[in-house]
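In the two assemblies presented below, chain A is common to both, partnered first by chain B and then by chain C.
So, the complex of A and B:
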């Protein structure tokens, strides 16, 4: 897995990337909260926000193609739940409101993720007194996420290269073995990480 | 089951965030007191493991595939208290990096998938495991707990959506409940299979972790999960008065709900469309639970190694 496929553009340089992470985080959360709270009839607000988000994308030099792909990736989740609203009288109004609101919020969060490195977000979380254990867990998770996903994929590929059994149940049991083995390796890795952390003066 | 932005109204978002914060706070506070320092990296690495495990797709049928959610798996592997922290970390990272689950619905998602799923799943696991000893008990417990926790988390999610006035309960309940009764079967099976694999490689990993949660903490977490279910599911399922509306009114944060629900208040009418009567929901629930339990039992029987050591 490419290490930067989630927040590919978060480390480039632009006026927006130089803004402090605190401001961006507060801004993004404010926008999401406001977008969720305003009535669906506030069309000027939604139009204005859409224009503002386009401007931000331009300033931050994030390609529209990338933004579109991220949206395309996430939109099925929105539509999947949203479609339930269509099953009731006047449901299309609710549906439209939900899709507009969640799409705008989604774009906001994609822009946040791609203008702010995750380490910066963690720094802000620590600063606003999120308990240290949770921040440490998040930091370690972010650090080893890519390592473990790669390890899992490697084991999965090795398994696929060696077994030719097409029976579904057999596939499940072998894949579950891969997951189980991944956990065993993860705990062993955690022990090594702990030793390494101690060696570097962590307490 | 990740709720995106825009699906919850203010009162539901505030209430679920408060409950989630309370639950995660209890788990963190306890972990700080009793978690040995050498286990701290394990939390982060386990969170990364759950994330990695979610990316491996299990083929189902006709080209579709499903993946693990991991609440019960994490609860069994690191204990319920630590699992709450692990699943919270997974959800926070998914929200910030993947935009999977909305920022305003983060509290609700944590409540459903890190608290209700983990705590109820672990309770069912601990209770069921005793019915059959040894490895068979672990498989039976994990498979049944995987199903129960998935369905309960989905019901909590459905309750939040219905309470927000976006989707009527009689639409969202059969849809979410029904789909997740099927998804839960997969979740239960995968959880059990993974646990057997772990038991084969490092059997001591399965027993060592419960020390990381104290009974008192488990009780408090269970209470919070129960309050969540009572708040979001019971108003619809039992026809009790809408507790949250009342609390919202009393505390005066009703006016935050700027948007009037476009759909008239979700009707306390239960059951599948076309089927009338108050007995339908409990009946479907009972039959589903029984079926899941029998399937878990069959799974445990077929998968138990012939010679147990």
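So, the complex of A and C:
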């Protein structure tokens, strides 16, 4: 199964992939901070950043189609928040600002994730003294996200194989059951993982 | 012979009240290789978790002794537990970090990681992520992670389940090379016949047989009564 939808291109080779993880991480966080801080009217900054990101994508040999699909996953959240601003007078300006700023920040992060292996990112986070518990949580999340997706897919397929009623409503109730089951299974797995950690001396 | 594991009157109830283990008594000598067999739900995995001090939730009843010790730290250091599902055991983002997890807690040098990976035939896998490995490779990384802690007793839960014949063969070769006391819980009766001189049969939380594997595995009525069967390798006299 596809275990790499988050960072499919992080392990390939390009000049950008060879840059140290420290530099890339600092750069990415710098860009996001700056993008959030500049006023919405700083159109040249946004245009310049967009061009730079396109260049990065080309150099790192990351397909634009992939980048677009990753954005599609996340834009609903951006739009969901942004839509509320439309309710106020002149709201469309704020809305546009939110959309542009978020999209550029998201692209930056997707590019970071696809030019730097996640283990490297974690190593840097540990080095700059991000609290250990937080880094461990991130590491476990990254490790088990794929296991979870796999498990969900298997359960969904098993249900589909015995689903004979093709009405839409039925599909939704099935999905609800799968999500519920997945939650139960995840808590059980969490207990087993914790046991495995204890078995190897975790304190 | 030194006693490696001593279990005296061990009983356990799950939090929901179900009885999992009922008054178990047995001991395993140093350097013995013992098979633990029984039907699904017999309590094999639950028993293994006790040998490492993960169960009972409140420790300290002293029903399990590992080389005479009852303290958690000592038990966990001496007993290396290989879990049934490699995905439960491999919780770090890279193979290296995972194998290094135990040694780091025990204060062992990092060189042991490369050594352990070489031992299981996976040198060069250090930077790979566990979710990019095959099932057989995951199993071997798990074993490396356990071996790196240098346990005196190796406790294996279904070590050959889900492996293809080649994976199973490779795993058996590895197992043969490891010098340690071994307890193997499995449904793979041929594995037991091949590796273990002694067999424990567990059913519904009770120890129903404890004896030489040649005798126990050949006892058809006993095997069938407890959801088992005579292993294939013992049914035919001719060599395969």
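Worth pointing out:
Throughout what follows, the second predicted complex is superposed on the first by the 145 of 203 C-alpha atoms of A that agree within 3 Å, B and C clash if a C-alpha of one lies under 4 Å from a C-alpha of the other, contacts with A are read in each partner's own complex, and residues count from 1 in each chain.
One rule holds in what follows: a residue touches a chain if its C-beta (ideal position, glycine included) is under 8 Å from a C-beta of that chain, and two chains touch if they have at least 3 such contacts.
These figures come from a predicted structure and were not determined experimentally.
Look at A:56: by the touch rule set out above, it reaches neither chain B nor chain C. In the superposition on chain A, contact of A:131 is made with chain B only, not with chain C.
In the superposition on chain A, A:201 makes contact with chain C only, while chain B stays out of contact range. Once the two structures are overlaid, the count of chain A residues touched is higher for B than for its counterpart among chain B and chain C. In the superposition on chain A, A:19 contacts neither chain B nor chain C.
Within the superposed three-chain model, A:119 lies in touch with chain C and out of touch with chain B [touch as defined at top]. Of the two partner chains placed around the shared chain by superposition, neither chain B nor chain C is touched by A:27. Judged by the touch definition given at the top, the superposed model places A:193 against both chain B and chain C. Applying the stated contact rule after C-alpha superposition, one finds that A:139 touches each of chain B and chain C. Of the two partner chains placed by the overlay, only chain B lies in contact with A:97; chain C stays clear of it. Shared contact residues of chain A, touching chain B in one structure and chain C in the other: 118, 139-140, 142-144, 147, 189, 193, 197, 203. By the touch criterion given at the top, residues 6-7, 28-29, 32-33, 35-40, 70, 74, 77-78, 81, 84-85, 87-91, 93-94, 97-98, 100-102, 105-106, 109-110, 112-113, 118, 121, 131, 133-134, 136-145, 147-149, 151-153, 156, 168, 171-173, 175-184, 186-187, 189-191, 193-194, 197, 203 of chain A touch chain B in their complex. Note for the complex: chain C touches chain A at residues 49, 52-54, 73, 76-77, 79-81, 83, 85, 87-94, 97, 101-102, 105-106, 127, 129-132, 145-146, 149. Residues of chain B touching chain A in their complex: 2-8, 10, 13, 24-25, 28, 31-32, 35, 37-38, 40-49, 51-53, 55-56, 58-59, 61, 68, 77, 85-86, 88-90, 92-93, 95-100, 102-104, 161, 166-168, 171-172, 175, 189-190, 193-198, 200-202, 205, 256, 258-260, 262-263.
By the touch rule above, chain A contacts chain C in their complex via residues 3-4, 117-119, 122, 139-140, 142-144, 146-147, 189, 192-193, 195-203.
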